[in-house]
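The letters A, B, C, D and E name the chains in turn, as written, and every chain counts its residues from 1.
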Amino acid sequence: ERFTIAAASDLRFALEDVIAVYRAQYPDHAFEVVYGSSGKMTTQIMNGAPYDLFFSADISFPERLHAAGFSATEPAVYAIGRIVIWSNTLDASGLTLEDLADASIRRIAIAQPAHAPYGLRAQEAMEAAGVWDRVQGKLVFGENIAQTAQMVESGAAEVGIIALSLAMFPALAAHGYHLIDDGLHNPLTQGFIVTKRGGAKPAAMNFARFMETDEAHRIMEAYGFVMPR
Amino acid sequence: MLGLSPADWQAIEVTFKLCLYTTLILLVIATPLAWWLSAKRSGLRVAVQAVVALPLVLPPTVLGFYLLVALGPRGVVGQTLENIGLTHLAFSFEGILVASVIYSMPFAVQPLYEAFSNLSRRHVEVASALGANLFDRFFTVILPLTRGGFVVAATLTFAHTLGEFGVILMLGGSIPGETKVLSVLIYDHTEAMNYEAAHRLSAMLLVFAFLTLFVVYGINRRFQIAKL
Amino acid sequence: MLGLSPADWQAIEVTFKLCLYTTLILLVIATPLAWWLSAKRSGLRVAVQAVVALPLVLPPTVLGFYLLVALGPRGVVGQTLENIGLTHLAFSFEGILVASVIYSMPFAVQPLYEAFSNLSRRHVEVASALGANLFDRFFTVILPLTRGGFVVAATLTFAHTLGEFGVILMLGGSIPGETKVLSVLIYDHTEAMNYEAAHRLSAMLLVFAFLTLFVVYGINRRFQIAKL
Amino acid sequence: MILQVRAHWRRDRFELAVEMQLPLEGVTALFGRSGCGKTSLLRVIAGLERLKGAEVMLGGQVWQQGRQFVPLHRRRIGLVFQEHSLLPHLSVRDNLLYGYRRTPLPERRLHLAEVAAMLGLDALLDRGIDQLSGGQRQRVSLGRALLTSPRLLLLDEPLSALDTQTKREIMPFLSRLAVEAGVPMIMISHAPDEVERLADRVVFMRDGRIDCIETLREALARPDSPLFDEEGPASVLQGDLAPPTDNGLHPFQIGSERIWLVGASGRARGDARLRILARDVALALDLPGRTSVLNQLPVSVERIDPGPDGRVTVACRLADGQVLLSQITAWSAQSLALRPGTGAYALIKSVALME
Amino acid sequence: MILQVRAHWRRDRFELAVEMQLPLEGVTALFGRSGCGKTSLLRVIAGLERLKGAEVMLGGQVWQQGRQFVPLHRRRIGLVFQEHSLLPHLSVRDNLLYGYRRTPLPERRLHLAEVAAMLGLDALLDRGIDQLSGGQRQRVSLGRALLTSPRLLLLDEPLSALDTQTKREIMPFLSRLAVEAGVPMIMISHAPDEVERLADRVVFMRDGRIDCIETLREALARPDSPLFDEEGPASVLQGDLAPPTDNGLHPFQIGSERIWLVGASGRARGDARLRILARDVALALDLPGRTSVLNQLPVSVERIDPGPDGRVTVACRLADGQVLLSQITAWSAQSLALRPGTGAYALIKSVALME
């Protein structure tokens, strides 16, 4: 029986590694992963999307689905995200949030705070660091965290605030990053559910359980996610 | 082949089917519609003409959202379909086909409307006088004389469907082999920073589109109709 | 007013400016281009005609990405601009304007090409014989006789620019007051599941577009040219 | 075959109001000034305008009446439009064959080869229609209509762009088609010579109304006929044509009198019609002496009508009762003291035999 | 003013090869069969076809030579196309005024009111051009060209869709324009009556080549002229027109002889031309007695040419040396024993004064 996983874009690299391990253990389990924005996927699930598991970038979406009766399980936290300052033109490891206000930095890319959890946390962090007002004219907004990274990668924006999981992806890891103190923003609690549809599929439930194993946690941690205790 | 994975080929197949069906269906729908629009001047017809263009002004994902709501299991259309024993249209090939048809409608209707508006009544009268019935007139006179409009309609529709992904992503949910089209695949590749694959597919798409258009436009010009 | 926030109004202003400028610039660019394309049959012209349609076949965000690379500070165009003392085009209104122009080009070029192809040479000759120079002929004969093509070109361009957000999102970075257009705003609202705001803005956009198109199409029909 | 038309049509300031019963044998000319409604009438007959309340009937067949309406493509009408109307996407050949191919096999009377030859289009068959001269295009239009082997031909100035010689090749063909194949024609023409040569009947139109319907004979006999605008009045004489005598001239017998004709070679003998322009007929009280005027018929003056420009038209009765018109100056009429009953000689110089 | 044209143009199977020097005073008719290249020649003169190696010069001015090329819109040519060419987006008035508005004020000789009145378009000015009849459209085309007050008029069958009466209203206007305003015209026409009434000069074309260029006089005097296809040969006599005498007729003095004319009222006296069809001239050896034939001129037979259908054309010399053609049957010529030198009387019935 096939099942489908819907996952937030920031999970892309980490989840691929998890899956590789999972497939090795359960070679007869057939499934696909669809990546997208958490908001879009929530809407889709509410309108009959054939997704069996939903890994959101923010626990509020699974909670909403659960409240509306679309889930088979309680929303569970599977990881906590971190954000970093990243650049591929400057050495970001030496940058701080305060440096972002510097005139030499013309463009800062963050994800759209209105709907992307990573964007909202970036905003909170800059507010806490007291630079939010001073960077207003420099901000450009990506649709999601992956697009934000692309804006920086193209060189059009000097720096960006992106997910640690992305900055650790081999293609981007060549450049340094500055990890933002997680005390400066609310936690990026990432939660998941098994949908109504997935609840009837033992394989889907099995994958959900696999995400709680140490093996999965180790991979997630390698990508900079903090694991829930 | 061409360094493409089976997933790529699957997406190519879906894409090609989608573009082809969309174009064909649109020509079939748009032709009578444009004819009706061009036949007389009336408020109703102008209004319909304006309405046809409306799907264009919404952001594709938003349009996709509304379509999802309408065609999905809880929407008017979807529910009606389910009630009569069919399945709703969200997350299915049929669904993205309907969406593409709606979304590309203005690209088919407008050029055809224009072509029909410019059609000389005399030529149609001549064909009648020579014994051609309505059907015959359409295929032997109206169609050849408005062929340019059909070419514009078909190429714009085809190209636009090829590139569209906002609506499809939302309504289709990028299910491999069903709703995952090439544009969604390329989008995924860029999101995954898998640039090499994205470039390769983009280049292929461009070359394919270029060749198709080159041939279509070339043929269209070769049989240019005498202008007097 | 209308329950809109200042941010909404800002987006409306940017959108309106973008659509207007895109349409105007495209008409100015597409007119000579379409004229040149329609003037003679040659391989080069067919190729150019096909190339014009190509931006359409790429997924908008991907096109946006390529444009971002090209127009940004490290891209060919952006660097050239910086070298001559200007600023690169990424994340600026000028940038999304350029992108819109490129992206909507086929919607302007194709209908105009078709209109020019159907233009009777006789009428242009008549105007010459009556003492009208090239410029004069263009405005008093060619333009009125191909008006339908211009209306199709302008409305498709306008509507398409109104709804486009993939390219703009990527290249523009949705900077309020600069590159944040209405379609991006509506998209943001739906992504944030802020449906009420999305519905209100969508409805407004649809009503506005409908009225505009209704008036334009109505006027176009009122001055329908005699067909003989 | 009778064509019945009743129609009332307001086109802005112009009003067509027609009610007629038209016998259709042979060629009927529709004659009237520019803008008088000839083309409009043809459109009504063809069914290109579906007017409310209009009635069109051909023979026993209803084409339009009340809610009944036979569409043009089932009326089998050969239509030649006044203005160029070739199908631009087809070659000359395909234009010619468009209607032919849609004509049921058994109904095909004319074929491409003969029509193309007759119209001088042989060498042009593979051209596009933008590679034709104006007159060539007109001939293709005509040929295309002929090739549908229609039941009725409606021709809107079909020869206007043609030179005299070409016209003279085509007109006999149309005549023959009307007579031999029995295809009635309604032809609009501004050229009196075409009307006189082809028509059996003339419908005179004025300001959207039918003025009168006359046989050509009647039309020509009427001194004030609009046909005479160009050449003045003429008379048509019926008689018997004999083969040429030794002098190379044909005797044309009218009762006991004889008129000598030139240029009738190749014509069958028998019943024939002569058309004599009134201005070609002089009157003399004495028989002239040695002169080249061969025909000198005794007549009696019947009526003298004043004409334009100081001329009068004298109606003379021949011995066998037919009327011959003569146009002379008022001054001559006066100095010869002509009045009804005067006996005179009609001197006729040139005489044309009607086709 | 001399128009020089040299052009060589291959249009597929058709070849136009023209090299001519054409004196342009008055009206020049371009005459030839359908498809012989008349329209093509006009297009070359107008500069609508920029042929390589072609040369066009008007007066001293170069219009085309080598790389020099004056575009049509600066040539100030009034052009009437063979086929309907009104601008469909403009009303009748705006069509008429399109060229007028682009004519510099001091150059404007004709104005809307007079042209519209002359062409009978007054009531149609506010119409769209799809609300006109065929003839009305043709008149608008002509009017539009006239209103540019051109230096040269090129008319491609400008009267073909018009009825006789309308033509007869327009032709004098064109004549006057050519003579009084000195606007030369080149006119294509298939109607010999138009050519004879309007033209001063005829260019005969055949198969893409100029056959010959003749004055109308020469063209009409030539018995085998293509112009005679319709009416047979004619002669043109020069003389002096006097006001009408008591009998209501105008005396037309040719040397010591006099011809009585009808229908010349309103014409200025003085130099004038008479056109007499050869078939309207009979010959007699004796003066006839009391007859309506007013004109009986003594002539001497000069030459007898055989004509078609058993007729001969007799060239007669009048007392003042001008030549008058007479067409009679060969049999008459024989029975009257006509031969060069024979003295005879030319009996001329009807006589038309040329416009």
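We adopt the following convention: a contact is a pair of C-beta atoms (placed from the backbone, for glycine too) under 8 Å apart; a residue touches a chain by one contact, two chains touch by 3 or more.
Small disclaimer: the values here were computed from a predicted structure and weren't measured.
Chemist: Strictly by the touch rule at the top, which chains does chain A share as contacts with chain E?
Modeler: Under the touch definition, chain A and chain E have C as mutual neighbours.
Chemist: What chain lies farthest away from chain E once each centre is taken as the mean of the Cα atoms?
Modeler: Farthest from chain E by mean C-alpha position: A.
Chemist: Please state whether the interface between chain B and chain C is built from the same residues or different ones, using more than half shared residue numbers as the mark of same.
Modeler: On the two sides of the chain C and chain B interface, the residue numbers are mostly the same, over half being shared.
Chemist: Using each chain's Cα centroid, which is most distant from the centroid of chain C?
Modeler: D
Chemist: Just the number, please: Cα centre separation of chain C and chain E in whole Å.
Modeler: 57
Chemist: In angstrom, rounded to a whole number, how far apart do the mean CA points of chain A and chain C lie?
Modeler: Here chain A and chain C have centroids separated by 36 Å.
Chemist: Taking each chain's centre as its mean C-alpha position, how far apart are chain B and chain C in Å?
Modeler: Chain centroid spacing, chain B to chain C, equals 19 Å.
Chemist: I'd like the Å distance between the centres of chain B and chain E, where a centre is the mean of that chain's Cα atoms.
Modeler: 61
Chemist: By residue number and range, which residues of chain C touch two or more other chains?
Modeler: Residues 61, 65, 122, 187, 190-191, 227-228 of chain C touch two or more partner chains.
Chemist: Where does chain E touch two or more other chains at once, residue-wise?
Modeler: Each of 83-84 in chain E touches at least two other chains.
Chemist: Specify, in ascending order, the residues of chain A that touch 2 or more different other chains.
Modeler: Those would be 40, 43, 147, 150.
Chemist: Quick one: which chain pairs are touching?
Modeler: Applying the touch criterion to every chain pair yields A-B, A-C, B-C, B-D, C-E, D-E.
Chemist: Touching chain D in the complex: which residues of chain B?
Modeler: Going by the criterion above, the answer is residues 122-123, 125-133, 136-137, 140-141, 144-145, 223, 225-228.
Chemist: Could you pull out which chain D residues touch chain E in their complex?
Modeler: Going through chain D, the ones touching chain E are 11-13, 32-35, 38-39, 82-84, 120, 123, 127, 131-136, 139, 156-157, 160-166, 168, 190-193, 229-230, 247-249, 260, 262-263, 265, 279-280, 282-294, 308-311, 326-333, 336, 347, 349-350.
Chemist: Touching residues of chain B toward chain A in the complex: what are they?
Modeler: 61, 65, 68-69, 72-75, 78, 88, 90-91, 169-170, 173-176, 188, 190-193
Chemist: Residue numbers of chain C touching chain B in their complex, please.
Modeler: 41, 43, 46-47, 49-51, 53-63, 65-66, 106-107, 110-111, 113-115, 117-122, 148-149, 151-152, 155-156, 159-160, 162-166, 183-184, 186-187, 190-191, 198, 202, 205-206, 209-210, 213-214, 217-218, 221-222, 224, 227-228
Chemist: Can you list the residues on chain A that touch chain C in the complex?
Modeler: Those in contact with chain C are residues 37, 39-40, 42-43, 64, 107, 109, 112, 114-116, 139-143, 147, 150-151, 154-157.
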